[in-house]
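Next, two complexes with subunit A in common: one pairs it with subunit B, the other with subunit C.
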Partner chain A sequence: MMISNDTALMAHLLRRAGFGATRNELEEYLALGYEGAVEALLHPSEPNNMPDDLIRRYHVEQSELRDLPGSAAYWMYRMVTTSCPLEEKTALFWHGLFATGYAKLNQARSLLNQVDMFRRSGMGSFEDLLVDLSKDPAMIVWLDNNENHGEAINENYGRELLELFSMGIGNYTEDDIKECSRAFTGWTLGNAEYMSIRAAKDSIWPYGRIAWHFDYRDEDHDDGEKTFLGETGNFNGEDIIAIIAKQESTAQFVATRLFQFFAADEITEFGDKAIQAMMATYFSSGYEIRDMLRTLFNSDYFKSEEARYARVKNPVEMVVGAIRMAGSYQNPALGIENVSRNMLFMGQGLLQPPTVEGWHEGSEWIDSGALVERVNFVAKELSNVKSPGVRSIIDRLEADADAGVLDPVGLADGCLDLLGPIEVSEATRFVLVEYAARQGDLDLKGHQQGDEAEQRVGNMLRLVAATREYQLA
Partner chain B sequence: MSTQTKSPGITLDYVKTVGIVNNGFNGRGFANPYDIIADNDGRIFVLNRCDPARASAIRIGICNLDDEYLGEFGRGNGSGDGQFTWAVAMALDSHGNLHITDEYNNRVTTYSTGGEYVTHWGNTGSADGELSGPAGIAVDSADNLFVVDQNNSRIQKFSVDGAFIATWGSFGSGDGQFNLPWGVAVDSDDNVYVADWRNDRIQKFSNDGQFTAVFGSSGESEGQFQRPTSITVDSEGFIYVADWGNERVQVLAADGSFQLILKGEATLSKWADEYLASNPEEKAERDISNLTPDLPAHLNTPYHISSQTEPYFWGPVSLTLDNQGRLYVVETNRHRFQVYQKR
Partner chain C sequence: MTTNKREKSLIVIQLSGGNDYLNTIIPYSEGRYYDSRTTVNIPQDRVIPINDQLGFNPSMGPIKSLWDEGKVAVINGIGYEHPNRSHFRSMDIWHTAEPDTIGKEGWLGRAIRDIDPLGENVLTGINFGRGLPRALACPGVSVASVGDLATYGLFPDVQDEELRMFTLEAFSKMYGGAAGRDPVMDLLGQTGKDALLGADILRTAPGLYSSSVEYAPDALAQNVKSISQVFHANLGAKVLYTQHGPFDTHSGELLSHAKLWNEVAGAIGSLMEDLKEHDTEEDATILVFSEFGRRIKDNGSGSDHGSGGGAFLIGGAVNGGLFGEYPSLAEAEQIEGDLRSNNDFRSLYTNILEDWMGLDAAPIVNGQFEKFDVFKS
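Coming up: the complex of A and B.
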């Protein structure tokens, strides 16, 4: 099978900066050229996602956003229907890095507000993002900053801000943690005491949940002198973050985490060059995430063969990618919460990362149980010949075939092409062709929805979903 | 807390709040209530649409203004006799039967107010009498039923037992056209009003479907709407609109001129008081909290404000009047209704 390198490279970009692409989407991005496509992805415009009014009308649970399943499904709808996939992908990246979970909060609405903040600030300055994160009420409750008082500090947030959210362990002292924590005293949420009781009791009474907002209590803030990473002053939280942002270790941390999410699970010597370039961009741009991503996507490493299929798709990428390819769930539908539940079975429940460290990415996504869930879900989506995206694949196969007839090689290669293109090993391709050959040539002329010819395409798409290569991004 | 014009022809006084969230499968309280009706005997019927976790308990709860929970009925979630999937709205006919729409099963189900399942009717489709997403439903003085057939962009008129009589409307934004209409009401002269949901306006028709007026446009100003869901009209012709997307209620005069806005001013219901009395720590913190806070700019939308401001309407999906001039506004996201008295 001959795949143009431009097409293969664009498909690679869209698997990383998005959730994969239908052939129509791929062609739209190809028309922009590679760098043009990168810019389009980096500058989200109107996302054209399923409108809130429609969602709220039919899904009462997504109007109230009280419980976890409906709230995860609400984000699912956004990811499935957005025309700005990098915006959602970036939000997902920060959701995994600044991992905040439902279990302690019992407050899904505020978690979704946090995700909205990631959309708003997630591609801007890292310094601004850390300020927004420190003011995020879900984060405040998650790491107990509402218990961080001028008279008695609670170090949880201060510690994780340095260890897990910016510099990484080994780049600061225990004293720095204390001073950092002092600077964030008074950063709390409105009605903090009442909201804490409600969160702890999982109280929805009397009238459902009350969402959260940031509140600064000057009287509870320790305005005394602090020494942090060698600098001294009457620092408040913003001052601490300004110091964090200018550290080399912070640049290294942010660049590495972006690389591992968007480029490759493992860092090779070649990959490290991209990380170094991203670090340089971090400083030259004033800590702009958008500029770091541009550096990454345009790097020689990212465009190289080495970076292809160098990541295991996370469950969100698997599920959202399959739904977008199939074109299902374009309107409010019963059962969307079961889809987000499926991601949980695969090991990644939206709004419920396992700990503050987020999910363990890479090969850990694929234990045998998760693999079965992954393959089953995608196979079911892609073999449903009633779905508009699958119908579009069938129509393209017919149009591209000589007189509507595909030989076994044509069927296997055609499906691999239209689902990606996906480049597979010779061994994988052999299995697909052999499977197709069992029923000989496929005549798609005059095909009708759900007939045997269409089902043969559905079965081939199902089989592709089970390949090793389909598990990789 | 109502915003009024300089000399409104109508005054509404807040009376009380009834309700509490019901997290279980039966009993006192409400679960994502979607419609409300008060009968002439002081019984109040609340249709609980229920979220997926509680779908098996989809039901009609009965209470009164003395906060007595009188009972409930329904046969759960599904498409069997008396069951619902996505129940939307109710109409009460002169025989004491409730007609309840189900926009998923594309049918109307009838129960007596005593809770006896009577029948259901309606088939999926777009031919005369067929339904696609039946939403609002209202009854006129002759016991004809008007059903908002949302996905067919039309209103259909039926006899009380479901025999097709007439239909009007098509998709669009012109006079007499609809875009995902939701609520419907009939006034004392049997005129028909439709909440043309996605066109952000109210349309008025004669009983046989002749277009007579249109009120409102898209926006947040007085007399403008964001996705109006429900209407009711009093004996003087005042038009009450659940302006759902703006999280408020608006009252118009019979000619459509703006009269006043209600934002909601819920207080603790009797059931809420009882909950807090048995949870004193929670009550103590609540008592010193500010439940009408100022919010940061990024949360400054009607939806976000209402999600954080408990007294305000949040998801005011339906409203109705009783024969004493009381207005009932039911809020799906707050599991309660607020009562106002027309002076």
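Coming up: the complex of A and C.
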């Protein structure tokens, strides 16, 4: 079967800018043309995600959003049902980069508020995003900026802002960290002392978990003169961020991290051209993330063969991708917490990155324990012939086949096509065809839900989901 | 694969949720215990005495028998400075041996890396349960997570055995083939083969094992039985890990805590009997720990998050006895109404790593810590 290059390229774009796409979605995006699809993704409109009132009717724990499992599941619903996948993907990117975890906060709602902030500001100006981040209560507690006082600085946030969130190590001095920290004194949260005691004591009493809000305390701010990266003035936090934003190293950092999340784990010479172009866009657009992503998605590198399958799917992509493809969890269902727990089993618990460095992406996702979990989850999800998405695949296979009959090659190629299209090695394809051939031609005429003919499709989808290639985005 | 000289293994039972230490090792002659625990207490006449000050919870009968045989070391007042009362954070601290900053590697993950630096045995470390505890997580270290030994491996939901066999066979072919195409594809291929191999080897374990010991039907006892099967199959597993809970007894504690300890003590009793039957008592040591203890005062129905817990080391090679001072209940000694730990948990880790596993502990636990005398010399 010939797969058109347009379809393969669009599927590639949606694996990166989204969580993969069903054939129906793919056709909608194809109708817009490649650049039109990029624009649609870059401008999220109404996400049409599962409404809160519906969720809360089924999930008490997703009403208060105080504990971790319910809150992670709440975000899962959003990712599973959104029609603006890049919005969620970008939020996930920032969640991994500005990694803030439940462990220290005991405050899931504030974490979800942070994710909301990523939705709001995550594709805008990087400078504005850093200001929002510095005012984010979850971040303030996570990196102790509530302990950063005019009289006695706490460098935790100041250091990570420079090292992990913007320029990267080697581009500033220890003195710059101190001066940066001084500028962020007084950036705290309302009723900070009480709230931090509550966080440390993991206490939900007497009023449940109260969502935090930002508070600026002028009397606790060190308004003295500061010298930061060679510039001198009575800087406050916003001034420091303005200086950070104009650094070449910041452009390099943001472009590289976006590239590695959206394009490829490893940077080749060709890939570096895209990074250079993104850096140029960073400056020409006034630090706009949306424009950098546009540059990336429209680059020759991104559209090239080299960029295809150049990333190991992270567990969220594995899980959400399979669920969206299968069309399950479109309505509230108790299993959703279990689904988000499965991502943790694979090494990526939403709202609980292991450290402030976030997750180590790429090939570090792959170890034998995690691989078993990854394969088992997607294999089970995509082989379930009762799921609406799988039923739609079966219907398409029948419609595309000559008189509803598929030979082994047709069955293997058809499943590869409709789950992606996924391009696999000749060796892998040979095994898939051989597996299909065990039972000869498949006649789908008059198939009934769950009958043997349908189950044979389910078995083939299971095997495609278990390929090495499926592990890659 | 089978050697005569069995190497030493560590079996870890994690009590998740914060075990109430005051009701585990009970200071039953201390008036302040009954003053603080007006409801959630163990009456004097039900305590199993260790000496005239401390005693075991009445649900810990099998552990008391092992204590009488000198096989139980009780480490009192274990914890770390500046206790954190969040389950997640405190467990993280125990897992990474890093109380002050957010740690990156699990202490047992590091130990496994030191034991098997080239990753030659895919079963050096095994977790029994889903999801890897951070204690075992370390970049580059493969650890199998076995939810259920009977169905462990790929495609457990495929009921039809013939279909499952064909699917596994196809998987094996897809992950085999010549290396050198691409490093990530090679890594996936190798990992897929490791997973199949691990599953194949693990599935042989129950067949290599026979025992007259009957384990209870609860989840912990069944996981401990799996541990015994894998341990006795001589597959080179050095770290076998499982957890039990929830010990987060904010309410209805007396009933739930008794049930949990019945299960823990029962599973440990069965395992020790099993080891005795196989003449392997000297080859395995069991560590039991929890992320924190609980408040000194009860809340009328249960107890809230506290600090200063205890840990147990159990086995034929263990030097039985009480170690570390039991924290004082005197008000002046408390930290915000909690027991003050007086032993760093990394001391015990150092003991285990150096005296049991023969490893250099300092780089694993991030420093030098004074050891207890918990192993027979």
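We take it that the second predicted complex is superposed on the first by the 471 of 473 C-alpha atoms of A that agree within 3 Å, B and C clash if a C-alpha of one lies under 4 Å from a C-alpha of the other, contacts with A are read in each partner's own complex, and residues count from 1 in each chain.
Throughout what follows, contacts are C-beta pairs under 8 Å (C-beta built on N, C-alpha and C of every residue); 3 or more make two chains touch, one makes a residue touch a chain.
Note that the coordinates shown come from a computational prediction; the quantities given were computed from them, not determined experimentally.
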Problem set entry | Fit-or-clash call for subunit B and subunit C when the two complexes are aligned on subunit A | fit
Exercise. What is the contact status of A:Asp451 with respect to subunit B (first) and subunit C (second): first, second, both, or neither?
Worked result: neither
For this session: Decide which partner touches more residues of subunit A, taking subunit B and subunit C as the two options.
Result: C
Exercise. Between subunit B (first) and subunit C (second), which, if any, makes contact with A:Glu248: first, second, both or neither?
Worked result: neither
Problem set entry | Which of subunit B and subunit C A:Ala379 touches, first, second, both or neither | second
Problem set entry | Partner chain in contact with A:Glu231 - subunit B first, subunit C second, else both or neither | neither
For this session: Identify the partner contact of A:Gly369: answer first if only subunit B is touched, second if only subunit C is, both if each is, neither if none is.
Result: second
Exercise. For A:Val312, is the partner it touches subunit B (first), subunit C (second), both, or none of the two (neither)?
Worked result: second
Problem set entry | Which of subunit B and subunit C A:Asp175 touches, first, second, both or neither | neither
For this session: Based on the superposed arrangement, let me know which partner A:Lys104 touches: subunit B (first), subunit C (second), both, or neither?
Result: second
Exercise. Touching A:Lys201, do we find subunit B (first), subunit C (second), both, or neither?
Worked result: both
Seminar exercise, completed: Once superposed, subunit B sits from subunit C at a minimum Cα distance (Å) of 5
Problem set entry | subunit A residues contacted in one complex by subunit B, in the other by subunit C | 201
Seminar exercise, completed: Contacts from subunit B onto subunit A in the complex sit at residues 19-21, 23, 32, 34, 49-53, 85-86, 103-104, 180, 182, 197-198, 227, 245, 266, 268-269, 271-272, 275-276, 279, 281-282, 285-286, 288-291, 293, 295-296, 298-299, 303-304, 307-308, 310, 314-315, 332-336
For this session: Would you tell me which residues of subunit A are touching subunit C in their complex?
Result: 68, 101-104, 106, 199-202, 265, 312, 341, 344-345, 347, 352, 354-357, 360, 363-364, 366-373, 375-376, 379-380, 425, 427-428, 431-432, 434-435, 438, 459, 462-463, 466-468, 471-472
Exercise. What does subunit A use to touch subunit B in their complex?
Worked result: 52-53, 56-58, 60-61, 63-67, 69-70, 109, 113, 116-117, 120, 190-191, 193-194, 197-198, 201, 203-215, 334, 337
Exercise. Of all residues in subunit C, which touch subunit A in the complex?
Worked result: 84-89, 92, 102-104, 122, 127, 130-132, 134, 137, 139, 141-145, 153-158, 163, 166-167, 170-171, 173-175, 177, 181, 183-185, 187-189, 191-192, 194-195, 198-199, 305
